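Chain IDs A, B, C, D, E and F follow the sequence of writing; residue 1 opens each chain.
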Amino acid sequence: MNPSDRLPSVGALSPELNGWGFFLCTYKDVRQGRSGDLFITLSLQDKTGWVKGRILNDVARLRDEFDHGDFVKVEGRTDLFNGRIQLVVDRIRRINPDQDKAHGFREEDCVLCAVRPVEDMWSELQELIQHVRDPHVRELLQRMTTQHAAKLRVWPAALTVHHAYRGGFLEHVLSVARSALMLGAAYGANQDLLTAGALLHDIGKLEELEYDRSTSYSREGNLVGHVTLGTIMVRTATASIPDFPDILRTQIEHLIVSHHGHKEFGAPVEPMTIEAMILSAADDLDAKINQVRQALADETEGEFTAYHSRLGRVLWRG
Amino acid sequence: MNPSDRLPSVGALSPELNGWGFFLCTYKDVRQGRSGDLFITLSLQDKTGWVKGRILNDVARLRDEFDHGDFVKVEGRTDLFNGRIQLVVDRIRRINPDQDKAHGFREEDCVLCAVRPVEDMWSELQELIQHVRDPHVRELLQRMTTQHAAKLRVWPAALTVHHAYRGGFLEHVLSVARSALMLGAAYGANQDLLTAGALLHDIGKLEELEYDRSTSYSREGNLVGHVTLGTIMVRTATASIPDFPDILRTQIEHLIVSHHGHKEFGAPVEPMTIEAMILSAADDLDAKINQVRQALADETEGEFTAYHSRLGRVLWRG
Amino acid sequence: MNPSDRLPSVGALSPELNGWGFFLCTYKDVRQGRSGDLFITLSLQDKTGWVKGRILNDVARLRDEFDHGDFVKVEGRTDLFNGRIQLVVDRIRRINPDQDKAHGFREEDCVLCAVRPVEDMWSELQELIQHVRDPHVRELLQRMTTQHAAKLRVWPAALTVHHAYRGGFLEHVLSVARSALMLGAAYGANQDLLTAGALLHDIGKLEELEYDRSTSYSREGNLVGHVTLGTIMVRTATASIPDFPDILRTQIEHLIVSHHGHKEFGAPVEPMTIEAMILSAADDLDAKINQVRQALADETEGEFTAYHSRLGRVLWRG
Amino acid sequence: MNPSDRLPSVGALSPELNGWGFFLCTYKDVRQGRSGDLFITLSLQDKTGWVKGRILNDVARLRDEFDHGDFVKVEGRTDLFNGRIQLVVDRIRRINPDQDKAHGFREEDCVLCAVRPVEDMWSELQELIQHVRDPHVRELLQRMTTQHAAKLRVWPAALTVHHAYRGGFLEHVLSVARSALMLGAAYGANQDLLTAGALLHDIGKLEELEYDRSTSYSREGNLVGHVTLGTIMVRTATASIPDFPDILRTQIEHLIVSHHGHKEFGAPVEPMTIEAMILSAADDLDAKINQVRQALADETEGEFTAYHSRLGRVLWRG
Amino acid sequence: MNPSDRLPSVGALSPELNGWGFFLCTYKDVRQGRSGDLFITLSLQDKTGWVKGRILNDVARLRDEFDHGDFVKVEGRTDLFNGRIQLVVDRIRRINPDQDKAHGFREEDCVLCAVRPVEDMWSELQELIQHVRDPHVRELLQRMTTQHAAKLRVWPAALTVHHAYRGGFLEHVLSVARSALMLGAAYGANQDLLTAGALLHDIGKLEELEYDRSTSYSREGNLVGHVTLGTIMVRTATASIPDFPDILRTQIEHLIVSHHGHKEFGAPVEPMTIEAMILSAADDLDAKINQVRQALADETEGEFTAYHSRLGRVLWRG
Amino acid sequence: MNPSDRLPSVGALSPELNGWGFFLCTYKDVRQGRSGDLFITLSLQDKTGWVKGRILNDVARLRDEFDHGDFVKVEGRTDLFNGRIQLVVDRIRRINPDQDKAHGFREEDCVLCAVRPVEDMWSELQELIQHVRDPHVRELLQRMTTQHAAKLRVWPAALTVHHAYRGGFLEHVLSVARSALMLGAAYGANQDLLTAGALLHDIGKLEELEYDRSTSYSREGNLVGHVTLGTIMVRTATASIPDFPDILRTQIEHLIVSHHGHKEFGAPVEPMTIEAMILSAADDLDAKINQVRQALADETEGEFTAYHSRLGRVLWRG
């Protein structure tokens, strides 16, 4: 491959490629090597994944050419480092939108995101709300999704653990809703409550996390936590809907406060209804399966993954 | 109500009824009261539930009229004791089949059992097996269900915790299968494996428990446990099927050994595949929901149940 | 002592007394003894404590003379049962206010309550609020204590564990405030925040518990829990105060959500500030010391108490 | 800044300074880089903190110029490494006391120590003892503090966790005493016992730790532990005081053996008295707050600290 | 059997026997039945075991005929109560030594004790000490066993859990010594240390427990605990032996403080040497096996015992 | 020492040696240094231990001269790195058997193995089996050891934790047998069962691990686990022995399924018999002591080891 060729997308990189590409730089650290020389460690992202980069030459000049949070054009070569691909960067600079769009740069191609298009997910969300039969619950869901539409379309579901990418929030919430409604049908549970619980259980994360290409905790997120923030958001929204029944509000709040399933996982109250048990099981399973897929995607070789410290076991590729 | 009237079934008893009925006696204990008088505590069961009984008069004679495990004809009156119905027994004797059948006695009416008819459940089981596409898995399920058909039709799912009644095993297994297959479809998991895992995960209980109207642990059940016994049963069955692939056997055995989900719940190995995670979640949820329903059925009053010591919380009637 | 004498208050009862008294009946259960006879178990309370009662004679008539929740006039004799005083009741009837007031009946004498007069405690509360220097925090505390003044004056701090008596809420909250402010002074913490945290940390209990002489959980109390309910109450109150600073609101909410100290004790978020650590330590210590005092008061003999199952140890009288 | 300038104290270092200073070297490790060249990693301390150092040039000669435990004169420049200041050392040599004192070297300036002067702390200690009313307890405290005066004036409170600096022991013990006495006054506890418990609870650390500028565990410290060692020291001291009451000795020993609060934290016995509960709460709180302050001091930027693995959470700067 | 016959010893009782016997009464409680009548519950012990007793008639007179802690002569009949033998007592009185000795009463026959004669155990103890090669360790063991000889010959090993009978301490200590020395030989451990550790690990129980026929905790036992008390006893004893090496004392103290194996079981320090690991394993195993034997002896029927709540499982008779 | 000298065995290496040796290479990783140069990290093993190696020069050529799993001839010099010996390799190549045998190369000298010769261990194993009195148990042990003789002679006992070297399985199993039989004799346990349990408790590891000089988990090992695999192996073997009593098979299977002692350590069933308790204690102790010895051997200096993260403490050299 020629250095003037465009590199494939991150998910398709292999060792010993030469070329250039457009990325979002999500991490940049200038360090001094043991020999005294400076070098730069960075993370580069496109919509299919992220790759570690390293700048070893011409550091003094290149360090001022870009920053953490910039879209960048990069030239370099891939090699293997501890069994993972890395990109040794020869040239790097900030995007020049006018010029680079002509060569195919698009912001949305450079941000790690859910596989499924956001419009598809949004339609499914609307459809779920249409199927709610209780008018108060439906009204609540319509208001909250309309009010937070902008965030809902882009938010990740978590900082690092699972669905940690653009659109991950919606992807997770819809997946939980599908599972919960199927299980609810099997056990004769209240489907309206399950829809509300699935769509709102993590709603506090819209305030817990700050997301602008990359993700961090907000002050309120750290100090109050998404479980309580979400309950407050629901309380506020129901207060603005005329005659929203108290018992219904309490049921929905119970689904939110109990969705972590156990006190030691941060649920101040544990599930006391069949709906709360279903929601908590669906949420836990969806987060775990997303972690399994992530782990299998991160390591492309071997029948078993390395030890997964969060899940406390190795995983099998099957 | 007149003492010569037939009592309603156990699930429909109310206080202050007088009458007679046919039951299975599942517990009998002769005690001496503080005053020195003897009295008898007993449990009486029909297919809809069980009720505590008490014999206070004529004990010396009645104590020899029946034993634990007998079908009995009982005459007495209901009252409330600590908020639960009990039956104060005036007369009790063993069933005389010839005579009592004429008055409507049928063994199957006196054994606590699943709501759904066993033939329905058996048909669903067969249908699930027919839908398995892998011929080895299908063959395995056909052999094992045929071989254990007699037990499968009557077994309870557990000694006391959940589905502890005739047909409870099949009821639980089918419910887990339905949930697991729905979740499996949503997550693109291997449906054949999930069917096998759902139908076989508790198969060791056919050897762990001894059941002949009432239930107890077998020696092997206590000392080896149903998780390991079930794995051995699968190993033996696969060994008798020509060319059963090793990898398939290992996958099914993994589903069995890991189905309790966590080491501290008795899983020697934790789920390492998406299928094992789904099965374990479906099994846990089904057992919990059955306990909730049981608890709500046992206490007919109050918005919340008493503290449920196994689940560690009170439950809400909704 | 003559049956026509008035019994001393509960805290001063000794065995083998005969007499009459005014009480609140907080528990009543009609049971059938082994001999078939009915008897009644009850709890009787005055402002100094509670005593178990038992009605063995004339049950059929007396059972309709009073109910759980009634103020009653009782005649009987004390004896020892398992090392504790009990009252064997010969006569019991509902209070007839007009007639009984003449003989000294006063409702407030029959309700178990904090030792300290409520007006004293209320003054201390007001004084604490006066000392708050930040005008927003002071305003918040004034509004919330004014709004909930009626409940604040009578509420217990918990259902059974600690300060489970009339005025116990205020007693506990003031005690926590005193400790927290002393510790806060020692560690240079923000005293305004500590005052707010101490006074508001359990405020959700005003909605979690229902209290009208005796205590129970409300529906919201069970399903949402006082930690979250309290945070919502603060959020609502701050929203009605013009320009209440966001950061201040978050700090106070953090004190509430984290006050149980650890996730396994039901804190969805753990203390992240010196103020939150001080508040959580002061709250825990006050609850423990109240339990020790209760246990030592309940058993009047012996150098060590019996094993205290909640604290997991025996306690020493010193 | 000129290389001939004196560097500010460690707590005041910023990047890109050039200069010289006096320090205690508490760690020194000679390593071989990947290129085969040697380099040295070291820790340098003065009374305000510690800083990591690195020697990259002239290693073969400089390695013999000093050792771990030496007071040294250092010349170099500061830079940032992973967000923390480090000192790149150009010249280093052992202190020459006669010559260097002339330029301002004082041993006590080079040892990390408590902010408060030791004489102040010693006076407070004496005053606390004067306030003890029980003559036996006062005698015990006088003897033990006199006997161990030399160590008490310099000892750290722990190896690494909290108050890990010269004078930290006294600082911690006095802080616990202040808190415990305030809480004791509020709860009417025995103040003499609390003074004794606060001053003696960690006394075994005088034997557990070895401290001579830097800290390590003694053999007895590892194998017997400070809880038991401290109890033995008290037993020995009380044995030498005529007529020291047994019950008093037992009470003080109980405060020591139970001060970790829970078995899993190494308390062979859990607090059974109000005094023991107060002491354990005061000790735990003081250690936690010291860790918070340390963590906030170590990271000078950011609203929240990095994840604190011992406390299991991030901390907020406020 | 005739009421004038002597009953067999407790271990050999069967239902429906009539007769008399000599016992130690270890528990006596006078209660009022629901009918208002008094009855007495008591425990009766001889050297082979204990049996529950009940006095239903003539209570007013018999209650003054004996007390807890008395040797008594009893007349009555055995029956089954909840599957265990009990003795319904018709007559009971304190022993009249002169008269009753003539009929075979001997105190030592009425106290539950180890199967093996104390003199045998004492000889084995002496022999173990003779085999110690290190003169300081041997001297220590000789002094301590001589000093505490009286208690060592009679003490139980625990209040209720294991070896809870006269001579149980010695029985346990010798059993641990035998196991530890065998294991020590296999692993090349220091046998002198193991002998000392085995003989002294529980020595603090001589002060922790008070034993005079029946057992209770002493004040020091509750407040300081046998682990620390034992270490103090060793410290005191070694201090009186000239030139006892410090390192040896530390090693023996380590064996004592760490013998519970884990912090959560009350070991302030965990085993850090092969000797400490062996001792802790031998101690734990001996206590467990004694509990198994006790449980199997308490229930004479059934292949499996009832659920053993301390061990958390059922046990198999084999 | 001269580069033409043969290096001592690994266990006897010291810093600053020059020379050559024969080894097994068990790990090889080619990396790029910060300067861009390649270097190689490797592990070299002989029968006495393993040493880390590093190739810094001539990497491009040497990287193709050998691979992970090869026996190699190495030339280089030792130095210290982080307190451990490493070998800086100048020359390395695969073994040329014909030529190198002449200079003393033997495969068995290059594989880390148990200290004791395998033939000795095999004889002890046979002798243990000869002492079994029950003919069925003896037959079972003979069959299983004969069938798996090849693996039994070479297998390690674990991947990394304990006895992780050639012959480690047999070493561990014999050591457990010796301890269990001694303890069994002391407690009157069934020695035949203990022999069977000791020899077979880890038999599933022959299928769990794959071992060909170096060790890894097999697919079945990960997914089914050695506890269940071992039980299946016993079930299969007993099925082929005529008239093998069911109860005996269940007892042996119980020893295998329960040998980890507690559910949280992966035992699906906990020990219910004295034999199972003895076996589990002997197994745990042997694994722990082997870890202690390993830790002491790995660090040759210092009275205490570094913190041992698996055991959760430091260890004392004694």
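Please note the rule applied: a residue touches a chain if its C-beta (ideal position, glycine included) is under 8 Å from a C-beta of that chain, and two chains touch if they have at least 3 such contacts.
Since the structure is predicted, the reported quantities are computational estimates derived from the model, not experimental observations.
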Kindly list the shared contact partners of chain C and chain E, in label order.
-> B, D
Select the interface copy of B-F from among C-E, A-D or D-E: the correct pair shares over half of its contact pairs, counted by residue number.
-> D-E
Could you tell me which chain lies farthest from chain A when each chain's centre is the average position of its Cα atoms?
-> E
CA centroids of chain A and chain E: separation to the nearest Å works out as 62
Euclidean distance of C-alpha centroids - chain D vs chain F, Å = 43
For chain B, write out the residues touching at least two other chains, lowest number first.
-> 34-35, 219, 222-223, 251, 254, 272, 304, 314, 316
Per the touch criterion, the pairs are A-B, A-C, A-D, A-F, B-C, B-E, B-F, C-D, C-E, D-E, D-F, E-F
Residues of chain C that touch chain B when the two form their complex | 29, 31-32, 34-36, 217, 219, 222-223
So in the complex, which bits of chain B are touching chain C?
-> 33-35, 37, 39, 56, 79, 81-82, 303-304, 314, 316
Where on chain B is chain A touching in the complex?
-> 175, 178-179, 182-183, 186-187, 190, 251, 254, 270-275, 277-278, 281, 284-285, 288-289, 292, 304, 312-316, 318
Enumerate the contact residues on chain A facing chain C in the complex.
-> 219-220, 222-225, 227-228, 231-232, 235, 247, 250-251, 253-254, 257, 263-269, 272
